[in-house]
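I have a structure I would like to understand better, so I am pasting it below and will then ask my questions one at a time.
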Amino acid sequence: MATKDAPVNDPMLDPRTGEFLVIGPGHTFKSVTEKVSRIVLTSHTPLGWFFGFLIASGFTGMLLVAVTWLFLKGVGIWAITIPVAWGFAIINFVWWIGIGHAGTLISAILLLFKQGWRNSINRFAEAMTIFAVICAGMFPLIHVGRPWLGYWLFPYPSTMNYWPQFRSPLLWDVFAVSTYATISVVFWYIGLIPDLGTMRDRAQSKFGQFTFGMLALGWRGSVRHWVRYETASILLAGLATPLVLSVHTVISFDFAVALLPGWHTTIFPPYFVAGAIYSGFAMVITLAIPIRKFYHLEDLITLRHIDNMGKVMLTTGLIVAYGYSTEVFMAWYSASRWEWFMMWNRMFGAIGWSYWVLITCNIALPQLMWIRKFRLHAGLMFLMSLIVNTGMWFERFVIVVTSLTRDYLPSSWGTYRATRWDYMTFAGTLGLFTFLFFLFVRFLPMIPMSELRLMLPQAKVRAEAEPLPEAGD
Amino acid sequence: MAHGNNAKSLPADLSAPAFVDIWRTRALIAGVAFLVVAVILGFLSGDHWNHFLRGWLHGFVTCFGFCFGGMLLLMTQYLSGGKWGYIIQRPLEAMTRTWPLVFLMFLPVGIFGASMGRLYIWAKYADWSTALKNHLITNEQAHAIRWKALMLNTKAFWIATIVCFTIFALYIHLLNKWSLQRDADAGREGNVTYWRVKFENLSGFGVLLYSGLLFLLVIYWVMSLDPTWYSTVYGFQFLVGQAYQVLPLAILTLMALSKAEPIKSTFRLIEQHDMGKLCFAFVMLNMYLAFGAFLIIWSGNSPEEIPWYLDRIRGGWGVVATLDVIFHWLLPFTLLLSSDLKRIQSRLAVVCYIMIFARIWDVFWLIEPNFRDAARNLHLSVGILEYIAVPGALIAFWMAAYFAELRKRPVIATNDPHLAEILEQEYVHA
Amino acid sequence: MAQIFDRSSNALARMSLVLTGLIVIALGFSLDELQRSPWVTRQGQRAEQPVEFSHKHHVEGLGIQCQYCHTSVEKSSYAGIPPTRTCMNCHAQIWTDAQMLEPVRHSWATNQSIVWTRVHDLPDFVFFNHEIHVNKGIGCASCHGRVDEMPILYQQNTLQMEWCLNCHRNPAKNLRPTSEIYNMAWTGPTDLKPVWCAAVDGKTGTPTSQDVTCTSAPPGQQAAAEEASLNPAFAGLHAQAAAATSTDASPAQLPASLSYTKFTSQEALGLFLVKHYNIRTPRELTSCEVCHR
Amino acid sequence: MPLPEGTYGLLAEFDTPTHLVQAASAAYSSGYRRLDCYSPYPLEAAAAAIGFHRDEVSLVTLIGGLLGLAAMFGLETWISLWAYPLNIAGRPYFSWPAFVIPAYEWTILYAGLSAAFCMLALNGLPKLYHPVFNAPNFRNGATTDKFFLCLEATDPKFDVVETRSFLEAHAPVSIVEVEY
Amino acid sequence: MKHMHGASARALSLGLLALGLVLVAGCREDMQDQPRMFPQRGTTLFADGRSVRPQVDHTVARGQLDEDQFFYTGLLNGKETDMMPFPVTMKLLERGQERFNIYCTPCHSRVGNGDGMIVQRGYKPAANFHDAERLREPLSHFFYVMTNGYRAMPNYRAQLTPVDRWAVAAYIRALQLSQDARTANVPAGTQVEDLSTVAEKLGYPASFAGPWPEPANTAVHTHPNGKIVAGAPAEDANAPEGVIGGSGSTPSQPVTKAPARQ
């Protein structure tokens, strides 16, 4: 708890509220623009970048091997079989798509709620969303065994006279995830256009000018354009918010609509959404902290951001905790022996350890974030973000595996043990995600410059009463 | 920040205008009138005051929602920050201070409903085996009553309610006390941070605690009317439902108060717009939870769960359910889509009334079909009119208490960094 | 400083946007056409066969029935490609030195099968069964077309799933009396060419095609004639089991009083047959309970 | 169509948004209608100053959303009732609760795409070549930290000399005549 | 930017490689072509290449015990007998007629006069069921011939089950009766008309009552010379039988193999 005599002489602190500033003091339009665009336009790529990129490429290569082998041999190389017919594929799918949620959420909800601090992190959070959705979308696709027939999922006049079955949550997934991917890309690109204009105008090389120029679509900053642009942004944000909620809701329906104990429960939609935001923010922190350190962006991604994201994580973590406890309570209150057994088995069954891992990572340890000092410590928060994402992965593991391995009928009970291909694929998607992210930070402005400018005090149009600096009329 | 030169100044008298007393008197008169009608209906209906009691439960749940929903929203705004929360702080505090009245309202529910078993079949047929033998309850009900006896018994019912009320009362006390203390603490270096953190810490845990305890209470009060049914999202739905009924009330209060100082100079169009948007968010959230739960149970189509909905859809209840969706979602959603509407007080007021009415309508839909005579059988009787009269009386009395509390304190908290922004020249954009 | 892009780039940019849209639409249409084209379905293509066997000659010209060669069509999922021996039934003596038949003689002499090119080739995941189709009112020609008019056999229909479903969703339009299955020229009843059908309540109570009798002649006299001629005519044939005869073939068991209905359109006949052949409706077929009882 | 030649307009550069808004509103109130402001971040005050308040993006988005809703719900209904009726555990063919979800997703998809593409179309983008890019100082600052007001030659009130002196009264950093 | 071109080119080529691998992997169509055994498709699993397995030597399949000597051979104590092994019903006769029309008419013609289409095309003349010799034959003779072949006629064991053969035999007897009918056989009161009168009445051409003409569109290229191919069924009783589908048959010739796709 803070004391009444909190220090106020830190330049990064707002004297009015005692909170950290969202953007460091002394910045001008030009300085923020240069700071961000230099990372891309420099001809000296930091060695560290190459090092990281190499590792990420290695993992991506592993993914390629794993997926190629999968295509050649079939999904039998994974551990999936009856009763756990989904296994790692769905666990990773839900985990990745959950991570994807923070990007759109940061951009959209915080934009709607006029939370200025979003501006510094929304661009790379959105990029993270897109890459996470790529990783996520891959899993159901490769899980179907013959991904080249994936287009069968869409309604089109096929020669099979087949049309999708709209009562299935798996089909809802198709529409939810494809819409989510499309809107995320559109939202991200629309947000990029003014910055691409900046990059075009600042690029020195012909190639840079041409490429950024093409991508910027000739953006010239006309205020009429800006008005429409702002409307479109707000609308997209307004649309993306319910979209984000709906996507993870639909994913929760994948489970909740089935009658399996531990799956069929009405709390799933809100608690999945909260969990998604939880892991998404954790991933943003995982990315933001090394980036701000590496590119010296401490005055653009300030401790305020980390503090706020910590608070969001704490909140969503508590909603998730609420969900867990509700489940435990209802397992008893339902008066259903199957529900009660499921809960017992989840906690103390063959893989009960995974439940306690998830409780530790998702509920117990994150309570440290109640402490302000903890939230303001970048290193600890980085660690915490990793813990939370581990916990969220185990949450999906627990939901999928414990429920599937212990069905209503003891005769259909089974076990699940992932194979090395499962692990390689999962680790590979981590590599792909990082790979794409490395490319992104190198080739695109990772912080929206136009929005940073808007946050500077000099962006305000002053009242008419103020005199012009020089002679007026 | 160049705002000093065109900012308004805060009026000297920050207490609510005198016309609030007139509202209070009117509310009292309405309450008495409703109560008289309710008693007459109770005699006329000839159902041993059954419907009177059900109506009472309905009114109690609604008033509970106003009072403690106010507390929930109050704590939430401390956590989220923002100007919208700042200006509704004091009305919300006034709502919370009505809690003794709400507790009084609970007593008939506890005494007649639970202790005498007039509302809850788990209380009436605590001896489930005899009741089952006499075919008074079904196998499923007997199983549920037996299994849940540890929780669903009269003693636990009373203990849980009283413990929860005690905890909430403590919270309400602290929230109200500190709020005044903070105002008195104005002007000292660093105190803004001090109070902000203090309120954040109190509210953070408070919201968590309230969410959990509310679930427990609504299980006791409402969900256990049908002891066989269960839904994990139920408590969360109630939580959102309370915000859904409190926010419009707060907006209506502010808009009514803005006819005079001090709210006149502190309630800006921009905050009104923001609160309209927040209403929209709650409209969506409420519908989202309700539809999600419905879809899961509809898809599951299992005999343990689906009867709860069938009781509330078949036998004429479909009309009520459809209207519930229309009031709860379709009307406010469509109206709030327009950004103009959120800026015009008279129109926004209509939406607020619709939302509050929708919530009351929804509670009716939740409560009445639990009873065997009404499940899948909506029929007009004298008794059912009690659902207008009794809640009408209780809500009116509660309103009177609320208005009385509103008058007791300044309606604007002064020691808040947001105050300066509130008084700033309005620069409205889309 | 010159601009990065010159003036033409605006037009180019717009053009490319429009073109992209058009290409996407065109691609959609062409793929849609392509997947149904003979290039994919092999519809109407005459495959090269080791022997240029003419169905037209053998069926239309010589009047050989389908089952003469495709012996298993009525009782197994496969219609069956006849063995060389079936060819030799006749060609042992006629056309014995025809050059065209050399592969047949070679096969006969060496005991090596003739390797025909499959014309109606369904994917292996399709479990098509000839037996049920020909026994429940689907004529050969319904799927294979007028084979009797094909000098070289080809695939008349697409054999794509939508083609199957078109019939399965509305089988009535293709059903015919079981007596007309192998009639290549059957076209369904009309006003000028009505069909009379009657259903017998089978012993099992479940309607099947065996319990439906159809005739293209007015049924009155026919039924009477059957009844009249049966008993005395064949009493002498089976001295051994005369006793059994009297019970088995007793008039009581015969369709004594069949009530025939006259059909003058395929729709009406189809609906009648759907009911009495016990053809499942799509609603029944798509129910989980069809398999998971 | 012949290519336009000659002067596109006069481009005045300002250092602060306040100066831009003042100059712009002065230009608008003195009768200029074909004018535009350029700023490196959304500057609604400037748009308001040149008389641009409402845009149609919201309307198009709403229509797009409704179209998506109707399209998907119609598609689902058509498929489930006519094209491919499937009996799933006895649930009705017209399973509206399930249909809500894809319809909802397409509402958002269509609305979102409508918003994005409508914004680009109304803004006349892509427009890779534009006369204002001819001004070297425009490319140097318009997307970084400078504010521009362009009074266009197509305006009936436009006169190279007069307009220049009008602009000079508002203390611009520079005034450049921009060619097509 | 130099470095970066290298990196992006590398990334691009990696991506293309991945895509290529994915596409190559996509060529598998293991649902389309399943490693299952299909009739007549052949298999690599067995040395003889047959997917339809012949009956194992010295075994008797269910229902093939063939206890009833007369029923299966048509011989009672080694002799043909004028008797059916089971009662005749109208259904059986209808079945016999149907089978006769399918398998016998090419040579014996619909009326059984031995003037079928194949005989007209040059096959050795087939038996006329209405000549004195055939009229004299006992019933099981026809069964025996169908089972074992007779002179130029191959056996039809593969095409006709024993029951069917008996049905055809019964039908042949019915045919004999009908073709040899006398006015006395006509039940009293039934009007019997001459075929030409019927044709005239119904407006059919006069040829309706005459012998069947050859279809106009049948091309007959050469005249058969009566030469018989070596190993033809009638000449060699031990000739291999290519049999499919018959219940009690033992196919000794590899079944026709049709590859799925060319």
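Per-chain numbering from 1; labels A, B, C, D and E assigned in written order.
Methods note: a residue touches a chain if its C-beta (ideal position, glycine included) is under 8 Å from a C-beta of that chain, and two chains touch if they have at least 3 such contacts.
What you are looking at is a predicted structure, and each value in this text was computed from that prediction instead of being measured.
Asker: If you walk from chain to touching chain, how few steps can bring you from chain D to chain E?
Answerer: Each step joins two touching chains, and the minimum needed here is 2.
Asker: By that same contact rule, can you tell me which chains touch chain C and chain D alike?
Answerer: Where chain C and chain D share a partner, that partner set is A.
Asker: Of all chains present, which has the mean Cα position farthest from that of chain C?
Answerer: B
Asker: Measuring between mean CA coordinates, which chain is farthest from chain A?
Answerer: Greatest centre separation from chain A goes to chain E.
Asker: Between B-D and A-D, which chain pair is linked by more C-beta pairs in contact?
Answerer: When the contacts at B-D and A-D are counted, A-D has more.
Asker: How many Å are there between the centre of chain B and the centre of chain E, using C-alpha atoms for each centre?
Answerer: The computed centroid separation for chain B versus chain E comes out at 84 Å.
Asker: Between chain A and chain B, tell me the centre distance in angstrom, where each centre is the average of that chain's C-alpha atoms.
Answerer: A distance of 34 Å separates the two centres.
Asker: For chain A and chain E, let me know how many angstrom lie between their CA-based centres, rounded off.
Answerer: 69
Asker: Averaging only over C-alpha atoms, locate the centres of chain A and chain C and give their separation in whole Å.
Answerer: Here chain A and chain C have centroids separated by 56 Å.
Asker: Please list all residues of chain D that touch 2 or more other chains.
Answerer: 44, 86, 88-89, 91, 98, 101, 126-129, 133, 139
Asker: Of all residues in chain E, which are in touch with two or more distinct other chains?
Answerer: 31
Asker: Which chain B residues touch at least two other chains?
Answerer: Within chain B, residues 295, 299 contact more than one other chain.
Asker: Of all residues in chain C, which touch chain D in the complex?
Answerer: 1, 3-10, 13-14, 17, 282-284, 286-288
Asker: Mind listing the chain D positions that touch chain C in their complex?
Answerer: 3, 85-90, 126-129, 133-134, 136, 139
Asker: State the interface residues of chain A toward chain D in the complex, per the touch definition above.
Answerer: Residues in contact with chain D: 28-30, 33, 155, 161-167, 171-172, 175-176, 179, 182-183, 186-187, 189-190, 193-194, 197-198, 200-202, 213-214, 217-232, 235-236, 239-240, 242-243, 246, 250, 253, 450-451, 453-454, 458-462, 464, 466, 468-473.
Asker: Under the definition above, what is the set of chain D residues touching chain B in their complex?
Answerer: Against chain B, chain D makes touches at 44, 62, 89, 91, 97-98, 100-101.
Asker: Which part of chain B faces chain D closely enough to touch in the complex?
Answerer: Within the complex, chain B contacts chain D at residues 291, 294-295, 298-299, 301, 337, 429.
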